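Have a look at these structures, which come just after this line.
Each of the next two complexes has subunit A plus one more chain, namely subunit B in the first and subunit C in the second.
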Partner chain A sequence: PCPVPGSGWACRAVLADGHQRTVRRVAWSPCGQFLASASFDGTTCVWRRHEHGFEVVATLEGHENEVKSVAWAPSGSLLATCSRDKSVWVWEVDEEEQEFECVSVLSAHSQDVKHVVWHPSQELLASASYDDTVRLYREDEDDWVCCATLEGHTSTVWAVAWERSGQRLVSCSDDRTLRVWQRNEGHGGGSEHSWQCVCTLSGYHGRSIYDVAWCHLTGAVATACGDDAVRVFEEVSPVSQKEQDLEDFPIFPDFSPGLTLHCSASVRSTSVEAEPSLRKSPSVSFSRHMSRMARAVFPVSFRE
Partner chain B sequence: ADLFDGIVMAEQRFHGEGYQEGLAEGSHAGMAEGRRHGALHGARMGSEIGCYLGFALTWHCLLQKCTDPKNSKKLRALDSLIGMIQKFPYEDPTYDKLQEDLEKIRGKFKQVCSMLNIQSDFRLGNERSALTF
Partner chain C sequence: MAARFSGVLQLTDLDDFIAPSQECIKPVKVDKKPGKAAAKIRIEADGSYFQVNQDGEAQKLEKAKITLNDCLACSGCITSAESVLVSQQSHGELCKVLALNKAAAAHEQKLVVVSVSPQSRASLAARCKLGLLETAQKLTTFLKGLGKCVHHVFDTTFSRNFSLLESQQEFVRRFQRQAEDKKALPMLASACPGWICYAEKTHGSFIIPHISTTKSPQQVMGSLVKGYFAEQQHLPPDRIYHVTVMPCYDKKLEASRPDFFNQEYQTRDVDCVITTGEVLKLLEQEGVSLSDVDPSPLDTMLGGAAEELSSHRGGGSGGFLEHVFIHAARELFGIHGASIHYRPLKNKDFQEVTLERDGQVLLHFALAYGFRNIQNLVQKLKRGKCPYHYVEVMACPSGCLNGGGQIKLEGESSKEELQQVERLYESLRAEVPEENQAVRELYEHWLGGWGSDRALQVLHTQYHAVERASSALSIKW
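And now, the complex of A and B:
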């Protein structure tokens, strides 16, 4: 019998023996049978679930210091880890044998790597670093290479999130901005793509932005910020000019209020609407190459 | 020609001559120090890559004698490492991708160590510190 959502949670397992230091990130495999845990002790444990709990099936070693993030590729056959040692490791999973083999050690970043996340449908990996860049990696002739470097942030990039289609990604940074990057089709043959920053959102966040999530159902982008607020952004097409009843956001007369928020989380309204003092001329800037399809992204207030 | 020119301009002249002498001597000393620094740095790099090459060739030899089917992936990785090391331009210190290629070699070495279940920072005896170049 399925538990009714929200009716309560029970602690099923405490896995206390896997790591010797802080466990920084956990990730479920796409099939749901495995759990990966990344730790400051430099290792990543992979746990397999069975009837009575979880057992370690592999301990991935090799990073020289704290592992900051771990992520499973959507196919379930690849795992990525990143560390303060400035490298990103890609591991191949043999589900039957439950063996993990390192297929590449990528040292493209010049500083601590904070976050790794896989493309929703392709074997394309993104990483965010203290070196202010986002890098993308893919397999090229039996070896993994860094195929793109996204520069633009002026401080640590804490996290990255992919849009459902995988054509765009959003990055959040210590520099208090969000940047949306779009893939351009490459010229000539081959699978080379270039990425461009098509939108920068500044002035909305009062402190560093530590995490960002792009909803694959609604397209909404949520951020976690050091100023104690959660913000949700949605795209609008800059067409409607009639609706101007937005006392809250006088700077954007094009904002169309006809949007529906699909988020169901409840948030204290005080923590969502940025106080006037923090709203120092928020701005949205676009690259010259923005295509017709790229749109302005505006914040929406939570209507409870 | 002013009779007193030699005396009046003496300080300026000595200043200029002194500067030129100092510049020449400094350049010479700088060149010598730079050469020593470069030699040391180059030797360290050579030592590091040499270590990886010896390691890779030995393991290649050992694994070839073993008929375990899982070895093919390991051998392929070792071949890749050996290839990268052999392609490295030792004669050209001005090669623009020097650091990049060196990082790739280090990354490949770490990957190979992971596949062979060897710690890449192996210690030689308990007293000595971890492998440094």
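And now, the complex of A and C:
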């Protein structure tokens, strides 16, 4: 029988023997049958679920030190891990051997890599690092290459999230800003894309931003911040007709403005500073989708 | 700085600075007398430390010293040593040494020998748009003109003959004892120092028994120059300054290994390694275009000039797989002139070769270049799923011709450049090591015969697992 949402949670398994140090990240495979766990002990375990629990099907070794993140590609046949050893590894499932083999070791970053996340539909990988950059990787002939470096943040980039369409991604940083990056179509016949920062949100967060999530249903962006607040950002079309060079953004029909934080974007990069008056607003209203999501996390508040 | 070493070495914990939270893990051995628990430390005005124990007795404490050799291949903070190392072994340092040597008194002057690798030569030839023989001859003139005190220029293709012969023999011995010795096979090639440093640090005592004990061509040359050649010149080893020209920076680390340091004469078998790129810098520094230089006859170690250049079959990383394969096919199975067909696996840097007879696989060899393939190989080995008898392991994708110290050509894609260098490299006649007269002579007259104890001692080395003590690092999320 389907569990009724909100009726409670039961602990089904405690997997205590897989790692020797902090488990930093977990990720379900797209098919739901496998769970990957990344640990400070330098390994990534892949667990398979079966009737009576979970068992380890593979332990991915090779990183020199703490593994910070693990992510499954949408196809389910590739896994990415990243570590303080500055590298990003791509692993492939070997169907025959039921094993994972290292397909590429990418040492493009110059510092600790904090987060890796796959494009929602393509085999394109993004990584965020202590070296203040986001890098993108794709397969090229028989190896993986870093195909773009997104520079702009002035401190550690903690996390990255893709928009549902995969045309944009958002990064959050120790520098207290969010940056939205957009892919430009390449010139000529090449498959190379270039990426541009189309929006910088600064002045909203009081401390480092540790995590960001881009909702694939509603397009809203939520952030986790060291100033104890969760913030939610949405895009709106401009109220004022005076703004030029603006592109259309998808708007949900039942979205009611209430308090919204402008993210105006243009082909040229823009910075947005929160106006002082907006920072003090006591009330926030959300669309139907939004409020369900908001209830599921924590109450949103804005610091004075 | 760290970016210039091979990818395999880069991964092994190279930091730009010794971060405050990272400690040097090299234990410092200080003779300590067992004593009472409590003692005070007193710092004198001149900065020296005295330990004052309870009876008031003061004992001067030695300063903890870490030498460059201690630092090497330690998993703590190699890069700080690396920058010292690189400056000690750069072309700038070479010029200084040569200048000092020129100015030194006659009885103190050193004989300077430069050994050039065939990979470096091919890279230079491609860059200067010359043929290989011309490049070798003009390079000889140029190097001998440096500081006006370089006396001999050799080709490490010569010493490679020894590495190949010893590797072949070693494989046959290992194959024959595989029943009693579970660690005999697979045998893993040892010519690549990037691979060796990585193996010692990361997999230690698990993998070391599998690594061939045969010295690399660079180090065999070191033993020959400071051993045989020194004797021929009636000089002690420390009166020779031996420089090698190599396609990568990892070779600098190899030259600095304690195992290649002659304790008796306090001299290294290879004093200084410069990369192909550094030779180019020297040419630029001297305002010389290699094509304008007059050719000189090529030196050989046994005297007399070489008429032509030669190479070995099996690709730009030395040809270890092919030589071991052909020799093993003959010695172990009586199959002469075995043909070699490469079967690429997951990627072009991972290829297999098999020897079959009547449907049975007699030999199963592989090439594994680049870090990801080394990773997969070692993981298979750890799980007991490695099907190979021998693997030619190299740290750089595409092998030594693509080493980190090679010259980057302009105006072409890196793939095309590499193909050009490969074409040049492979244009030479391949010789069979067993048929090289000079090699046979050296074995007989200097090494005490084929397979002798002395040959084993001079041409082989050993490896050391590096203990990784867990250091008190602060956790970073």
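Note that the second predicted complex is superposed on the first by the 235 of 304 C-alpha atoms of A that agree within 3 Å, B and C clash if a C-alpha of one lies under 4 Å from a C-alpha of the other, contacts with A are read in each partner's own complex, and residues count from 1 in each chain.
In this text, a residue touches a chain if its C-beta (ideal position, glycine included) is under 8 Å from a C-beta of that chain, and two chains touch if they have at least 3 such contacts.
The structure displayed is predicted, hence computed values, not measured ones.
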item: Clash or fit, subunit B versus subunit C on superposed subunit A; value: clash
item: First, second, both or neither for A:143, with subunit B first and subunit C second; value: both
item: Touching partner for A:65 - first (subunit B), second (subunit C), both, neither; value: second
item: Partner chain in contact with A:215 - subunit B first, subunit C second, else both or neither; value: neither
item: Contacts of A:84 with subunit B and subunit C, given as first, second, both or neither; value: second
item: Subunit B versus subunit C as contact partner of A:15, first or second or both or neither; value: neither
item: Which superposed partner A:40 touches (first subunit B, second subunit C, both, neither); value: second
item: Partner chain(s) touched by A:23 [first = subunit B, second = subunit C, both, neither]; value: neither
item: Touching partner for A:102 - first (subunit B), second (subunit C), both, neither; value: both
item: Subunit B/subunit C common contact set on subunit A; value: 61-62, 64, 87, 101-105, 107, 142-143
item: Residues of subunit A that touch subunit C when the two form their complex; value: 22, 24, 40, 61-62, 64-66, 68, 84-85, 87, 97, 101-105, 107, 112, 114, 130, 142-143
item: Subunit C residues within the subunit A interface of the complex; value: 7, 10-13, 202, 346-348, 371-372, 375-376, 379, 385, 397, 475-477
item: Complex contacts: residues of subunit B adjacent to subunit A; value: 73, 76, 80, 103-104, 106-108, 110-111, 113-115, 119-121
item: Sites on subunit A touched by subunit B in the complex; value: 61-62, 64, 87, 89, 101-107, 142-143
